[in-house]
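Take a look at these structures.
Each of the next two complexes has chain A plus one other chain: chain B in the first, chain C in the second.
Coming up: the complex of A and B.
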């Protein structure tokens, strides 16, 4: 079945595909840049989207949107650095070149750390997802059932190749359009005045808000792993990365903007999931309670980012043990995720603690470590040999 | 193939789920609820529950059951009502929520908290204040209407369409309840026991979160809504435009607002706040018993008179708002937004009193029906 699809390149009109690139790469299929775009945004947009406006507001008050823009700009710089790192090794992903740069032992250690980090993030996604579902629609369904179902779905998507993953993400991105349309409906009840006075919360608070904003962008690590299997020149890929980032920034800004102007500064303090909550106020002729419909769409977004992390930890483990096949590593990851998910328990306090620690880890694994590796690559002048000729 | 078959079976078993089903046969849907304040501070909740009696032929018949209970909190009364009815209480399809006058005069948020907190509640429900007791309105037997919720819902919707009320629902008032410098109004209903009807009686003015006890009457309500730029589908107003009519009826003209546009501009000098409200309306004269609107002069005269009347009426509205500090135009929020320093100096309890309102009403009569 897979073989029959192989010829069916999902983007036949890409004029940049190298001559005969498709036939030559019988072993490894490549992603189109459009798929690359969707892999990035689907990994980034996930469980946090519903509470992002609240988190920003908590940290930076009604100037939270300024923080978000600030965070977006910082991340954009970071993305360029990540691109510089990735383009040094056009045929290898992070776990391949980590050993070359840091030495075998240290490389393995860092790979292990990355895999564990991905597992923790995946668990956090699951925990937050289950909490939201429990509060909003299924108060009586046991947590474990929801968790296992999500893991099975993720495992099913991730067990195929990256191409399949990317295709699924691309198709599912249609749902984002529905989200945007639905949120646009709220525009009729917003009061722009709630954004004013601009900039009175103080520079410190805005900087603190950038923390909350930056966390929402984590997930771009996926670039380091997917980059080598994407078609196109480095410049084109950078362009894709930047447009994906721009899209996510725009999407977040839009959601933050409408929730700030809909709720106003005082009410927003009370509403931890503003995006859903505001939809409760509206009713279409046939459909009421649109918040429930949006929750279902949101579940898909959660699934995609969960799957990405599961997939990444799977790659991590399989490269750690030099495994040929990925499925065993994925299954191991899935079990580890299942285990970790039950660690923080049900209490709000411990979940918050858990999530703070993991978001701090995000700075390390998405920011500091890649930059560190890049510096080492610069210093040691390591580059993939013959990188120019391969694609 | 076999593999896929298994998958389908597993999916069917897993996807249906069995923990969170809520069967319709097990619940009684509450469509209208009313809260009243008892003398000792307890809450009296009255709900109307429709039950459909299945008959052997044709459509089922509907019976309405009205139940009330007194408790410490709305949730407490819900549980008490639950003990009085055959199935369990479900407020997820609530259409209209009525609040008694006395309860509204207190802080309105506490009785509504249960709605905001419960994910199942319908925040799209309309809300209104009842002069007297809300329970009276719900208990009212109306021959022609099968359901009180349909009646109330229809009434409130009609008021929204005719620019008599802003069409607030539970969620939309919440932001205004919390935000300082911005207040809201709710439609005010009155029970007419003799005619066994419920009447719209203007708009109840709120300050912060509580009802001030003062209202805008029906005509003021329409003008206030227009000044605030919240025109519904239609808006009509009747004014006395002359004194010399042979019969009383001849002195009046009714205008239909075709299009209106309002602009509120707030300026400050020192701690004095001035609000310029510019209202531009394009109107049709839809009733003018005196007739003879053929000359331009005559039309101009009416226009001038209308403008005078409108300005006068808006001054009355502003006086009422100042009196109650009910900032329905959100003047305070605008000051806070554009002149934060001035806002800090203002007395939050009574700031509206010192605001100068400058209404500037411009009308264009574009049609006067198919006769002159």
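Coming up: the complex of A and C.
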């Protein structure tokens, strides 16, 4: 039975094989669309969520939520473009077709840039996470301990197939429900008046705010890498991408909305992590300081988005060196991330500088480059021949 | 004789070499001469003292058997009654005797408790089944008691076990396959499955794995388990053992495979999922609401068993502020006088509980109870009085111990108690952050684990919403119309329309 199945796989583009522990077959393992949905949202929702309301408010004042919606719409357009690109190569991921489109050398260069970018993002995630933990929960714990733990967890998830990663993400998404329930409790204390009058901050400020909003959505690049292993037709996948985006937008909007209406414009200038301060204020009969529980759940969200970047850089490196196995590439990425994490030091300013640079890189790698690749694909009319979009 | 012996010895040597790698059965044609036959057999069986050679009919015939294996009554009835009536020639051709001309085969049947009848001037050997059996009654297994439902249990005789299953599942698709495993012990391993429901891939996988075991000795399915499971380094059991025929049959009907062995009352069920360990036959025998309630309690016990001490340590050691104001004073009062940090306290207490459990488990019951009382009450009380351990910690550890025994499976209960330790360490060093990472590692491990190619943490990861009907809750049986997908059953429909009578009755009333 097994042998005959493997025989099937050797023919090009038959993706009907069932999951099988075999290394060779691992790429053929398929994700369901539900898993695809959770992979996207878990990659997007991560470190940024704690400071998102603060950043938005800093840029666009009390109209920050409008900026967020605007950014969400822009990203939605971008997602369609990304979908168009991914659709052209139903059985290949980004690093596979970069080489075909840009030529071997240039393709390798861009792959390398992507991998390095992913490593830097992963490091940034680690830096922000460690800073937050040091401020809120464990002021005396050495940074390295927290960093190494996170990297180990990420490696453990990423070291097996993408299906396991998707399984873990799916089950961990239950925690998001707890977060929404927790935040909903705050709804009884909000003052809608803080949002009014709407739109007085001016167009320019709202546009500036869109920058802060757009950054929080970065992470959708994962679509380009995971798309080929998802079951379903292209239209169904687009629908999944859009619902995932819609969910993330709703989730962000919800958090921004409650922090804006809970604190008000004047107070919000002083609280860099408004969600935590908000929850800190509540005390229940059996438990107080629910912000600590919230932070614990947040760590899980951070782990998932960190793991995604680690996984993506691992794919990048292994395709760069044409490696058959992914584990060595993942370990190399993990060490590079560990190294980069200690680069900017622990000062507030250097961290901010580091994160600004990386978010600028986000525009390049999540926006400009994919569009550029798509245009090249259009111009050179490159497309995968004769393949229908698999089961 | 010496000449013969030489031939035998060289022949044997060659045969042994040949039988090494290949599975070819050794062959040795029998001789015309009676003494040669007897000689060969007694020599091959190393002149063991319990091998009886009865010379009959003035040395013209002989009967060989192990007196330790043979049942005297059966011998009398089957053979000697014939001999007594003087019909020597007919003994060879008695209908219940099995003929062979292969001495090696006769040797094997001798070892399973047959008697072999040999006659001068004939190469035919007749084997009579005279095995004596000592069977326990099929009483309820003490480690899997239920309140309602069947009180039968498997015994050490695999034939009786198969009988118990066949009587519950009278269908032609029920298939048993025998394997001989263990080069020296020659243990009979039985693979049972429902053909047409169980996934043929899984059966093939299991068969291959069983055949590849080349150990000298296999004593029980538990022994087999380590040879054929997917991840031997995982703390979680990847096969479920049961001594209950009803549980075994229910699992067969889910499309799972059963592994039994001669000499052990335990049947192994595979592939399994984590949540199967939290199901008990009781759930299905009681009303579904109470079944659901009890199952929820059991699953809650999982969280308590692995997480409660860690959670307590994290709060006491790191996150005092989580306690509401009213609770701070009592807690503080309880732990104020304690000399050790909470992690040491917890470790001491958990180990004491393990000591009490382990010492009580093998003792005769009255002494076991004494140990329980001395250990639990006296030590527990004295340790608090002496100010070594806070009474809150005693409560926490006692709760944890109780919770770990709620799970209906003994293997998983041990796993839970072992998993407590790493979590205690994580919580003692990093507080909540440590617990989060510890739990995360366990969860990832569960998601990664596979049992014979099927995901272990199904139906939660990968998520199958339809199968959740019988996971955290137990919905009414007529809603569980599809078999759980984790065992990849060939035929998924289990129940057709069974409550159509409600509609019919309603229509009749309307008329």
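Quick note on the criterion: the second predicted complex is superposed on the first by the 361 of 391 C-alpha atoms of A that agree within 3 Å, B and C clash if a C-alpha of one lies under 4 Å from a C-alpha of the other, contacts with A are read in each partner's own complex, and residues count from 1 in each chain.
Going forward, a contact is a pair of C-beta atoms (placed from the backbone, for glycine too) under 8 Å apart; a residue touches a chain by one contact, two chains touch by 3 or more.
Since the model is a prediction, treat every value here as computed from it, not as a measurement.
Under the stated touch criterion, which partner chain does A:32 make contact with: chain B (first), chain C (second), both, or neither?
The answer is second: A:32 touches chain C but not chain B.
Scan A:141 for contacts with chain B and chain C and give back first, second, both or neither.
Both: A:141 reaches chain B and chain C.
For A:149, using the defined touch cut-off, is the partner it touches chain B, chain C, both, or neither? Pick first, second, both or neither.
In the superposition, A:149 touches chain B and chain C alike.
State whether A:288 touches chain B only (first), chain C only (second), both chains, or neither.
Touch status of A:288: both partners.
Now for A:263: first (chain B), second (chain C), both, or neither, which partner does it touch?
The answer is first: A:263 touches chain B but not chain C.
Output check: A:196 vs chain B and chain C. Expected answer is one of first, second, both, neither. What do you get?
first
Of the two partner chains, chain B (first) and chain C (second), which one does A:278 touch, if any: first, second, both, or neither?
Once the two structures are laid over each other on A, A:278 reaches chain B alone.
Looking at A:163 after the superposition, I want to know if it touches chain B, chain C, both of them or none. Which is it: first, second, both, neither?
After superposing on A, A:163 lies in contact with chain C but is clear of chain B.
Of chain B and chain C, which one touches more of chain A's residues?
Counted on chain A, the partner with more touching residues turns out to be C.
After superposition on the shared chain, which partner residues are touched by A:353: those of chain B (first), chain C (second), both, or neither?
Neither: A:353 stays clear of chain B and chain C.
If I apply the document's touch criterion, which positions on chain A are contacted by chain B in one structure and by chain C in the other?
Touching chain B and chain C on chain A: residues 137-138, 141, 145, 149, 283, 288-289.
Going by the contact rule at the top, pick out the chain C residues touching chain A in the complex.
200-201, 204, 318-319, 321-325, 430-433, 435-437, 440-441, 443-445, 447-448, 450, 453, 455, 457, 460-463
What does chain A use to touch chain C in their complex?
Listed in rising order, the residues are 1-2, 19-21, 32, 34-35, 133, 137-138, 141, 145-146, 149-150, 153, 156-157, 160, 163-164, 166-168, 170-172, 283-289, 292-293, 295-296, 299-300, 303.
Where on chain B does chain A make contact in their complex?
Residue positions touching the partner: 14, 17, 19-20, 92, 116, 119, 122-124, 169-172, 174-180, 182, 330, 333-334, 336-338, 340.
In the complex formed with chain B, which residues of chain A make contact?
For this pair, the touching residues of chain A are 135-142, 145, 149, 189, 191, 193-197, 200, 262-267, 270, 277-278, 280-283, 288-289.
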